[in-house]
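Next come two complexes built around chain A: one with chain B, the other with chain C.
And then the complex of A and B:
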């Protein structure tokens, strides 16, 4: 089997995975009582109307009393045509709400990824080449610290120290500040530090392990024997082969941080991004928005995995397409 | 004459006395390892006893009376699971270790080289014991509410020894909140780990051994599960069904075994090519037998490391959920306590920081122990 066939199969699988994920959310919605209907009916019952009648009217108006297969086709068509419904908690279409929120998430997210990738790979490679030195031990310590510290607790402690005790940085995010200003940089500093601490650790450990493996290999010895400088060995010989497996970690890490981290960071620092949007949707039982904020990470995950596998094909000539 | 006598244990007497062929290989095997006959019987008996107690608790006592009347302990569903997990752990981890003294001593010598890991193991032992028996000693936080004693600082910040770690906004001693939080972390970490690791090991070895369509189907499912992030799935399900500790534990256990499955699969693929597996097949061992007796024991070093390192992930995950307000409202998770203390950060920082320190140290200790275990039992 050739490379093209592999790529076709991989893309087809991504489509199937998307289809299954969307179907799963539909299935979950079908087997649980409608939250919105309950809310509407409870409100009506409080004002003296009949609970069941209001509930039924609510379902009828939204076409939720039709046969399951009809609703399923409708649901899938709406998802496909980007007709994702109206969010009552935000008072605007779901996609508009998401369009406004993602900017705030990106502001702290992109710098964190860049910093953690650069620092993580940098320290990891350095400590692999300088094993059992104080710097290596310091690196290991930072790695253990980063993977073990609960990021919500770390954020609280940082706010306590820099916001409350020393009063150097603001304790929460103010969305009224201009995008490119010192003040904005200051208020994004703590979120970026918290997010990157978590992911620096993972990347450092993996890149150290990878680089140690390659540092002993024959091609590195050959390069050294031919008189290549340490820097050249590191960047041209070790980093180049190590980048392939490391890119996997980067994608996996980016996604893990995006999903769990953004909820926590945005709650603590009061950033009006995607995580906060999702939480508000859940708290106010706003089903269309809950669905959208669930599906978007899933789509990103599927796309990320696809791109990563395709990047592998381009990066690593050793991959055997017959195997998988 | 030996061949004419009725076989004492059914069938093996046929070639008895004829040397090599007469050896009961199962018995030889058992003498060296955990010795299933007695241990398995004991384990099954204990689990059956637990099942009977469970039925008694739910059918006879129902909700009216506490299960263990003397101490007034009404065992919840999650606590039942914890007991089962502890029984399984005693028979499958503690018993083999106690029987194989020499191997245990060897592992311990290897493990001891890592000072930080030894200290961590001691800390985890304390957390385990306090989490297990602490709730029987110290009263539940909600029964210890005392508004007159609210916001007492810990003893090192000028408080009294009566509440050594201080009290929260409702006068609940922080120490009680920490003890009950240890129980929650214990339950989440251990139960989810046992579920996830068991499923992952079985799926991984099965995929590696059977290959073909079984492998393809299982690994495609693993791909799918990996794409759907557990955290998002948990949020969606909690949105739909409401939060409970059992749901969180079950979801972590049932939907986060894909990493283990992949690891075990690749490990088992390498092991499957080795001579002893070929030899077992050549002597007519069945597939299931080969998997159970030859593949799983040989991937166990990978599994043990993965198990130890998965516990902190589950503990952190549950704490994050509770912090966001999606935890079980009936249990005192560390995440919930930390979240509750956020509003009092400037005037009473100990409410958030002390439980957080315990959470941090617990997770750190698990990571130290997991890495040291890998170095000790995995020769590569």
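And then the complex of A and C:
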């Protein structure tokens, strides 16, 4: 079994997983009561019309009274052709709303991931090589602080401190600011810090544990016996091997932040990103938009796992393509 | 290997270890893994460190270039390499020695290579660390070295990953790694223990060939007396962090002086009536009992053996003809089975550090008669007498 075949199968599996996820969402839609129909019918009933008749008509107009298999084909075609419907809460097509929102999410999200990976791995590796020293304890303290402290509380405290008391940073996000400006960097600082704190902690603890495991290994002793410097041992030997498990954790961590962190961060800092969009969609029972904001993280998860599987090939020569 | 190797400069050995102590501070107390070990190693010579698991032989070997983790390890004493005290050397200085002048081969080749780099990269790494050469030149050297350690198709193997090679091949790669810096001292820590018997012999022969070719001294750590007989010029017997006996290899096998050495030799198949094990266990390394470390397992131990410090190394009298596994009560000196070897010994002058034979046992000291050790004692008796 060659590497090409492995890659082909990984990609094929990603496609299958996507199909299953989209179909599952359709299934959930089918069993969920239609919020729009209920609202329309209730309004009609209030003005003296027949509740059930209005509801019927509402569904009929949208083709929701057709057989399930017909709707399914329709739904899959729409997903595939990127016709994801119209969001009444945003007053524009779903994809247009998402197209506007993702830029705001990416602005704080990408720096957070980079910072948490670099800082987390850095502190973790340093701690592993300097175990039971004051700096190691400080690193562990920072990590446990980051894990223990609730995001929303930490964010509010930071806003109070830096926005209200010291007046150094804006208290909320202003979407009118140019993307590449000092002002934008300043207003992104707090969201990035809050999101990174939790994430750095996780990366740090995992990389410390991994590095400690490999720091004791025989091949690291061989490297030291060769006369390799600590830096060389750390980067070429310990980190290089630890990257295999750490890359898995990074992907999982990115997704966790995406799912949970963005809702809180964007609400508190009033960032009009994907998290806020999803939250509004849910609150206003805007089904097409809920669907889209649910599917996007699913797609990212599948893509992330695919990239991770492909990264394994580059990182670990021991992976047997035949077995996976 | 170069048995009876003679060097021109007897006064200054390549490596002289004096009163080496390596301790580890743990939650259970200070573990004295190596507790006052002394020995020397001449250029081109092979010295074996022998002892059972936990005797401190690996820690001794890894203390020389400070490969033991410090902290928690603490090394004291003197380790003179060409007259330079390595216990006082900076980490930078040690790094420049490691791989270039003092190389290591470790026990288990399965784990000793980095799984994510090609073996060629790992050999070339040594060259790149110690010399400013291009990547291509380093790789060429790596391929040459792989060829030198008899790896078939070295150019192709250089691109292989460790998991694609057998254990014996991996150990050859590790020998190539050790050779890459053209060291003067090779520290081989049980390099054949994890390999099967036929491969063991190949690796031993390879090391012997390379030792002659590169004129390396070899410090060979092993628990296998068969290997000792095959490779050693001189032997240092360790037990519980202490030197029990130092002897030229022929003296150790012909006339082991310390009861512990005799017990080890009696465990060899076809020697003595031992069932292959010494009864009892190593003493507690954090809080060793007073007296001789081996006293609790020694069938010859008298009251004095359990008191005071570990006995000092005393010269073993040349005329004391003793033999492990002597079956009959008290054989007269120079009895038939020993006639040849004692005649050989008395013919040779036996002078100089190369022929030094010392043992840390009261009975070889001035106040006791070493002949006491020749009486027959049932090994199992030791446990009953001094077990707890």
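By definition in this document, the second predicted complex is superposed on the first by the 314 of 324 C-alpha atoms of A that agree within 3 Å, B and C clash if a C-alpha of one lies under 4 Å from a C-alpha of the other, contacts with A are read in each partner's own complex, and residues count from 1 in each chain.
In this text, a residue touches a chain if its C-beta (ideal position, glycine included) is under 8 Å from a C-beta of that chain, and two chains touch if they have at least 3 such contacts.
Not measured: the values here are computed from a predicted model.
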Do chain B and chain C fit side by side on chain A after the overlay, or clash?
fit
For A:217, select first, second, both or neither according to whether it touches chain B, chain C, the two together, or no partner.
second
Using the touch definition from the top, say if A:251 reaches chain B (first), chain C (second), both or neither.
neither
For A:119 in the superposed arrangement: first (chain B), second (chain C), both or neither?
neither
So, A:310: does it touch chain B (first), chain C (second), both, or neither?
neither
Look at A:95 in the shared chain and tell me whether it touches chain B only, chain C only, both, or neither; answer first, second, both or neither.
neither
For the overlaid complexes, name the partner, chain B or chain C, with more touching residues on chain A.
B
Contacts for A:240 in the overlay, against chain B (first) and chain C (second): which applies, first, second, both or neither?
second
Once superposed, chain B sits from chain C at a minimum Cα distance (Å) of 11
For the complex, give me every residue of chain A touching chain C.
217-219, 221-229, 232, 236-237, 240-241, 244, 315-318
Flag every residue of chain A that touches chain B in the complex, lowest number first.
13, 17, 20-21, 24-25, 28-29, 32, 35, 144-145, 147-153, 156-157, 159-160, 164, 255-256, 259-260, 263-264, 267-268, 278-279, 282-283, 285, 290, 294, 297-298, 301-302, 305, 324
Applying the document's contact rule, which stretches of chain C touch chain A when the two form their complex?
65, 67, 95-100, 103-104, 106, 108, 111-117, 122, 125-126, 129-130, 161, 163, 174, 177, 181
Complex contact set, residues of chain B against chain A:
219-220, 223-224, 226-229, 231-232, 235-241, 312, 316-317, 319-320, 323-326, 335, 338-339, 342, 345-346, 349, 352-353, 356, 359-360, 363-364, 367-368
